[in-house]
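Chain IDs A, B and C follow the sequence of writing; residue 1 opens each chain.
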Amino acid sequence: MELLSNQILAGIATGAIYACMALAVVMIYQAVDHLNFAQGEMAMFSTFMAWQMMQWGIPYWAAFVLTLILSFAGGIIIERLLFKPLAKAPILTNVAGFIALFAIVNSVAGLIWDFTIKQFPTPFGSAPFLGSQLISTHQAGMIGVTLLLLAFLFFFFRFTRIGLAMRAAATLPESARLVGINTSWMIALGWGMASGIGAIAGMLIAPVVFLEPNMMGGVLIYGFAAAVLGGLSSPLGAVLGGFLVGVFENLVGTYIPGAGNELKLPIALALIVIVLVVKPSGLFGHTVIKRV
Amino acid sequence: MTAMLDIKDLRAYYGQVQALHGLEFHLKEGSMTTLLGANGAGKTTTLRAICNMVRSTGTIEFEGKPLLGKTTENIVRLGIAHVPQGRGTFTNMTVEENLQLGAISRSDKAGIVSDIERMYEHFPVLKQRHTQQAGTLSGGEQQMLAVARALMLRPRLMLLDEPSFGLAPLIVRDLFKILGKINRDDKVTILVVEQNAQLALELADTAYVIETGRIVMSGKASDIANNEDVRKSYLGY
Amino acid sequence: MSAVQETVTDAPAIDAVPKRAMTLGAGTSIAVLLILLVVPLFVKNFVVFQLTTVLIYGIAVLALNILTGGSGQFSLGQSAFYALGAYISAILIEHAGMNYALTLPISGIVCFAFGFLFGLPALRLSGIYLALATFALATAMPQFLKLGALEYWTGGVQGLVVTKPDAPFGLPVSQDVWLYYFTLAISIAIYVASINLLRSRSGRAMMAIRDNEIAASAMGINISLYKTLAFGVSAGITGVAGGLGAIAVQFVAPDSYTIQLAIALFLGMVVGGVGWLPGSIVGAAFIVFVPNIAESVSKGLSGAVFGVLLFVVIFLVPHGARQVALVSQHLVGKLKRS
């Protein structure tokens, strides 16, 4: 029994990574109604930028803030240049665009910074948290930052005018235009915010998984899965989904015999799929009543 | 008097299909005009063309400013509110959020707050339900919400697309009474597209009849209502 | 949790391809067929092998086109059925000594069954959720193939080597050339059968489901049956492609059938034009040749070059090769009239 609760705690700790990534995923989904496969790579690229700044002697928090600003701007620029032209194209074509962006970012990062693993510092230290062997101070810090981000997003969407405008533009773009909202810029803004959140996620994750161009692959999948599990329309659902996915992954790794690292992913995904079959719109998603 | 809305030779296309064939009409400031016609005649297309929601050519001028070529949201910001077919309510947001969205292009916070109060006075049922999700309101209530949302823009011109659709006659009467009040008291020019010609003609002062993308009749609403031939050929009653 | 009402009057996610435009015109079809028949005579064996690969991927992309373009279901899991078909053929050839041609229908039928079965739980999912589920399937397959328990049959991580067949009846053609024509014949058969399927009542039922599921069910179409059928058919055809792939490449290994393959097939479908069966071969050509081109441009940035080329294609023709065909049709029409 103690092993189980320990594993659950450990799962929550690793789940913070997925929760953070899931937040970025939900953010973009709220803004543009699709999932951007390139988000993980963009987060990785941002993290590399931060690393590079620190190599140049810029202190951690300055690099953090600078990276955040550059990522926000970068997200907007990428959307305006590459995806605004595809706004009228079919969704599947946009998805192909995400895949193309993935390939480009991954490749460029590999060229600039090569594929050797690098260390990325954490501002939280890596001592055991409150004496617990399972959660380090860094992981506690991750959970803290994720919850802060969640609070920020909640506040942003619920209580600010621009948050309201973004929600309107994402759910009913035509009606949004009819109240004077520039839906095109709302999408750009959504991309910027998602990039920023992704950058934070990347900078929190890198100390744990080590910085290299392929670091976000697995994380992104779990992030997606977490976002989907949570219901795609709810930042809270995304975060809880992230923690749940972390727990699933850990339990699968511990209790299912023969489940090495490579088998964990499909099994965890399978579990999520089972949840979805039972609850098709995710745990916290709105039940959508479809009328013709 | 210069027309508030001036439309000349308007042609509109859905892909390769042409829906409007050289439409021409004008709205006087302060008027309550109704655009009548059968299903598929082009009434909705006309409203959509005004807001540049459909590909069109020709001239559309609002208070002397050309509209064609402007984006929908910029046209709206000039002071044209459009209540579309189906109402376009933000169903998963609250009633109050819907009203706030109506005013999202305005920057005068105090004005917005007082306008929301005014809407609650016009439509008490909205005040009752102001924290409810808009999707849970009845058809009539959603229509009121849609009108209220449009009014939050403080529009100079309001376009309504079949506001009576799916509503019980008594509710439609109430709605039209309110529209009349808004037209007279708040000096909002109104253009109502309707299939329910009888009620619309009672409400409006001017009427246009559209058939297969062209205006076939125009004049005072009372004249058209009293003209049996017109009623029988174009309006079906 | 609150209920949200959605009025499904939005355009469906996948554009409908009008029946008339579903194939190439008779003239163009014959021209293409002639080119395909004659090409191996003019090129080296290795290029013939590459062309065979294009045909094989073309079959797989066509299968995906039926599933997504035909019945509106997303799948990022085709690589799993491809792998299954490949391994079934390989195991039958190497362990049971079966004739390679006979293994293909078996691969097809087994994959059909699995696809149909997978389609059952998938009924509850759509869009993003279905994509995730199929993605899970795609990532699971290589791991499944590496399982120690199956190692005797599958050859574990190393996989199996497959003997390449000689031309039958002692015909004086190389193995590559024979395999090319063999594959071409099967491709044509599958293409014709698929066109007929989409034009048939079942095909119309599937497309009705794609365009508006609720309305389709209100018309009495058995949604569950047709959706799972679509999955099954698509999986079956992909399985045949996999089998052909195993024979052509002469080996099967778990890491040849990763999610990258599923993504490549998806891109092939988009580049060819979703739902437009003739485009499948254009898409297949894209995914076979463009990565090579990218690598020859810049080894270090091959991924980036590929991404840029992909962007160029989707900017120019967001609707894929079908758009090119439509534009050419218009131009030809204009020429005819002038």
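One rule holds for everything that comes next: a residue touches a chain if its C-beta (ideal position, glycine included) is under 8 Å from a C-beta of that chain, and two chains touch if they have at least 3 such contacts.
These figures come from a predicted structure and were not determined experimentally.
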| item | value |
| --- | --- |
| Closest chain to global C-alpha mean, per-chain Cα centroids | A |
| Maximum centroid distance from chain A, chain identifier (CA atoms) | B |
| Selected pair, greater C-beta contact count between A-B and A-C | A-C |
| Chain centre separation (chain B, chain C; CA means) in Å | 49 |
| Between chain C and chain A, distance of the C-alpha-averaged centres to the nearest whole Å | 31 |
| Chain A-chain B separation of Cα centroids, rounded to whole Å | 43 |
| Residues of chain B touching at least two other chains | 92 |
| Touching two or more other chains - residues of chain A | 286 |
| Sequence positions of chain C contacting 2 or more other chains | 2-7, 9 |
| Chain C-facing residues of chain A, complex | 35, 82, 85-86, 88-93, 95-97, 99-104, 106-108, 110-111, 221, 224-225, 228, 232, 258, 262-263, 265-267, 269-270, 272-273, 276-277, 280, 284-292 |
| Chain B to chain A touching residues, read off their complex | 51, 53, 71-73, 76-77, 81-82, 84, 88-90, 92-93, 97, 100-102, 104-105, 149, 153 |
| Residue ranges of chain C in contact with chain A within the complex | 1-9, 13-15, 68, 121, 124-126, 128-129, 132-133, 135-137, 139-140, 143-144, 146-148, 212, 214-215, 218, 263, 266-267, 269-271, 274, 300-308, 310-311, 314-315, 318-320 |
| Chain A - residues contacting chain B, complex | 161, 164-165, 167-168, 171-172, 174-183, 286 |
